[in-house]
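Below: one structure, written as structure tokens.
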Amino acid sequence: MAGMDPLALDELVTANRILAREGIVDAFGHVSVRHPGHPDRFCLSRARAPECIEASDVMQFALDGTPIEPAGRKPYAERFIHGAVYDARPDVRAVVHNHSPGVIPFGVTGVPLRPIMHMCASMGTEIPVWDSRTSFGDTNLLVTNAAMARDLASALGPRSVALMRGHGCVVAGASLREVVFNAIYLELNAVLQQRAGALGEIRFLSDGEVRAVLDTRTSFTFERAWEYWCQRAGRPYDERPMEGPLART
Amino acid sequence: MAGMDPLALDELVTANRILAREGIVDAFGHVSVRHPGHPDRFCLSRARAPECIEASDVMQFALDGTPIEPAGRKPYAERFIHGAVYDARPDVRAVVHNHSPGVIPFGVTGVPLRPIMHMCASMGTEIPVWDSRTSFGDTNLLVTNAAMARDLASALGPRSVALMRGHGCVVAGASLREVVFNAIYLELNAVLQQRAGALGEIRFLSDGEVRAVLDTRTSFTFERAWEYWCQRAGRPYDERPMEGPLART
Amino acid sequence: MAGMDPLALDELVTANRILAREGIVDAFGHVSVRHPGHPDRFCLSRARAPECIEASDVMQFALDGTPIEPAGRKPYAERFIHGAVYDARPDVRAVVHNHSPGVIPFGVTGVPLRPIMHMCASMGTEIPVWDSRTSFGDTNLLVTNAAMARDLASALGPRSVALMRGHGCVVAGASLREVVFNAIYLELNAVLQQRAGALGEIRFLSDGEVRAVLDTRTSFTFERAWEYWCQRAGRPYDERPMEGPLART
Amino acid sequence: MAGMDPLALDELVTANRILAREGIVDAFGHVSVRHPGHPDRFCLSRARAPECIEASDVMQFALDGTPIEPAGRKPYAERFIHGAVYDARPDVRAVVHNHSPGVIPFGVTGVPLRPIMHMCASMGTEIPVWDSRTSFGDTNLLVTNAAMARDLASALGPRSVALMRGHGCVVAGASLREVVFNAIYLELNAVLQQRAGALGEIRFLSDGEVRAVLDTRTSFTFERAWEYWCQRAGRPYDERPMEGPLART
């Protein structure tokens, strides 16, 4: 793809395959990365199941969702989610939108999702639930235009995660490896919180503990997980230190 | 098979393999398609586990369940389900009967199954539960004659799904790809509704939201999922636009 | 093995592999068959995980658990379970003992396991729970002698299934294919009954429905499932009609 | 690795792969063994996901966590857990630290984990929950120094298992094969106890039954399970009797 390093492209393909292998996406859901050289663009596959995506499927989009050199490829209807988050959040370099099964029950009941173990602290202490019906009424729930996407990005605010009622969630991160990590451990947190809540009252991580996890976490945590997920997804692991906007924090 | 396009045959084999791979059927359960050239016939495998089915297993049946050119092959005892639905519903071109594990608990408790997320809206807003015992008393619960099948088809009415108490469900669609999609997301809805209901009161999709999903859904949704499921089932993905009665809506 | 048809031996190996593949046994649990030519003997592997068993592992035992031609092979400590059931039940030609995860919760809570769907009716309408502690006090719970095994067989009585508190269950059948079928669908029933009970009051199969399933079931039901499970376990499917004591009912 | 038998090294790699295959560890969690020839050292991989570990990743550590011949390899931040347990417990020859999903809910709710079936009796009758916050306040919950590790080892006391609130657990054993067995059946016990508790009041193993299991258990139990887990993990099974500190009890 013009202007994008082949290794960065491969990394986006790998992110798709990992999310599929780990059950975070099925035929639906998507992951994007802010363009390393053009911060006003993002890279996202054409509309295709993440498990099937190849490097040639990756397209570039302006932040308003307009495809750049589409070459006849059909984009995801919900690409606006990604653009609106990149637009509102200069710190975000990667975005996942998914409907993983553990997360859905929290979005439709209003039970607050909170960090239950250290690995899941990246989701933060407060996770909002965005309901498309509040501002947009009866729709097909898909975020298919800039107005809905801006409303969702506004609910996300400065956080890493927002749930979407009857739909799924959006997860933001400072790198692809971080956002994939966050999406996978968000799902695990949801599953564990449901189980623990059925047993009794949960002692969640304190706000201070969450802050301590976030303050001491290094990119090595993401690397260790990435190598493992690459192996499970049958993808080569690229351990090169990366430079530029895609570098691991 | 006489009078059936090899590609349409392959598609029916693929539908069987996908339903097995995704856990919708085990050794039992079946999927049929209305004959593309003869709307008064349907195509269904001989009595065999869906995971094992080959093109040569596919038989043709009249809508009353009579096999056409059986050639010594043993038909499913419950083929009457398919015939009765095709007979009552000219709009239906594919039928699944299955016992997927998420669905059974709803059929035996009377808790209404309702759409919990956008992907599952195809099941509709009201899902009836048919109990063979109401009209037929103590049986082995199998729908092995035209009278039982007509009674079930009547409970289904104009809907996409009916549950069968202590047995499973029947799912109807306008194409094979749609009916497979509906059966898989029905199972997901059941699993998610059970989990969410254990957390608290569920805010289901509104009737308006369900209508909006159904009104805006295009065949591309089924295609994207079909490619993914083909890959998981180890089957080639046929992306040819299909003509005639099997065409995607 | 002396006096045993190679095909019958293969079938016992396949039964072990299927039970492992379907999650009914892990490293522990075992399945036996009454010797086709010597009804006062049964065939059972040496003490080994079912997933690893080969034909050369199969030993013969007298009904009191004495190994015949052990050739240095170590028998299962709990082989007495099998002998006692064959001794008490001339109609039984195959026995499974396992600890499958869905079943354990029913054995330790006393919640009666009852048939929730037609596929699971083979377990019967009443499933007793045997507690080794009642007659034998504090033991390691293993059934390692004839007295305990006779007590368990007596609790089983004329039924297909008995649960063992804090341990697992014993399943009896008229053939290997039937007993494997019964063990797999017993586990499924337990999982589904747990889920349904969490939703609301369950409408179980009536006694008349269970009788109707048992009265109308033919060996073809077991064959269809057996072919499927063979394929999943990577074992050849032998569709030969079998003669003698191993014949399918 | 200097001073370590290649077969013992292979056994540690296999232990890592088994724990990954059985879902006890994901990218995180680790298993160590006391050095066979130097009881004041332990062997543990460099910081890497267990599924990816090779023999060349294994490092040696003094009991205070100091790496011996690190050769540029990055150690696990939590290696102190292992050292403190070996220091406090001369009987322990292998340690697992993990965050398996069934265990987490018990650590955060205070519901006591108790043996529900004979296979799980190795966990003992009383399992303490250690909370890092009690003595160390708001941390990132990682046990990254000797003071925290000693506190945890003290909570473990003479037992096989201690839970860690919002984090996971530590499991100790007399051999690698025993500790892997204990970690796997601890997870199973947690899953089954959660399910059984949802059904009704649980009749746990009595203290006398737990003692009887522990008193009569032989190393053969671990061998039978190890062969099975090796096969599932794609690792060769070494059935040689081992000599020295690694010998099976």
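For clarity, chains are labelled A, B, C and D in written order, and residue numbers in each chain start from 1.
In this section, a residue touches a chain if its C-beta (ideal position, glycine included) is under 8 Å from a C-beta of that chain, and two chains touch if they have at least 3 such contacts.
What you are looking at is a predicted structure, and each value in this text was computed from that prediction instead of being measured.
As for how the two copies chain B and chain C face one another, under half of their interface residue numbers coincide.
The angle of the rotation carrying chain C onto chain D, fitted on C-alpha atoms and rounded to the nearest 5, is 90°. With every chain reduced to the mean of its CA atoms, the largest distance from chain D is reached by B. Mean C-alpha position of chain A lies 33 Å from that of chain D. Contacts with at least two other chains are made by residues 198 of chain C. Counting only pairs that meet the touch rule, the chains in contact are A-B, A-D, B-C, C-D. Touching chain B in their complex are the following residues of chain C: 116-119, 121, 188, 191-192, 195-196, 198-206, 208-209, 211-213, 215-217, 220, 224-225, 227-229, 231-232. Residue ranges of chain D in contact with chain A, taken from their complex: 26-28, 47-49, 51-52, 74, 99, 101-102, 104-106, 108-111, 131, 133, 137-142, 165-168, 194, 197-198.
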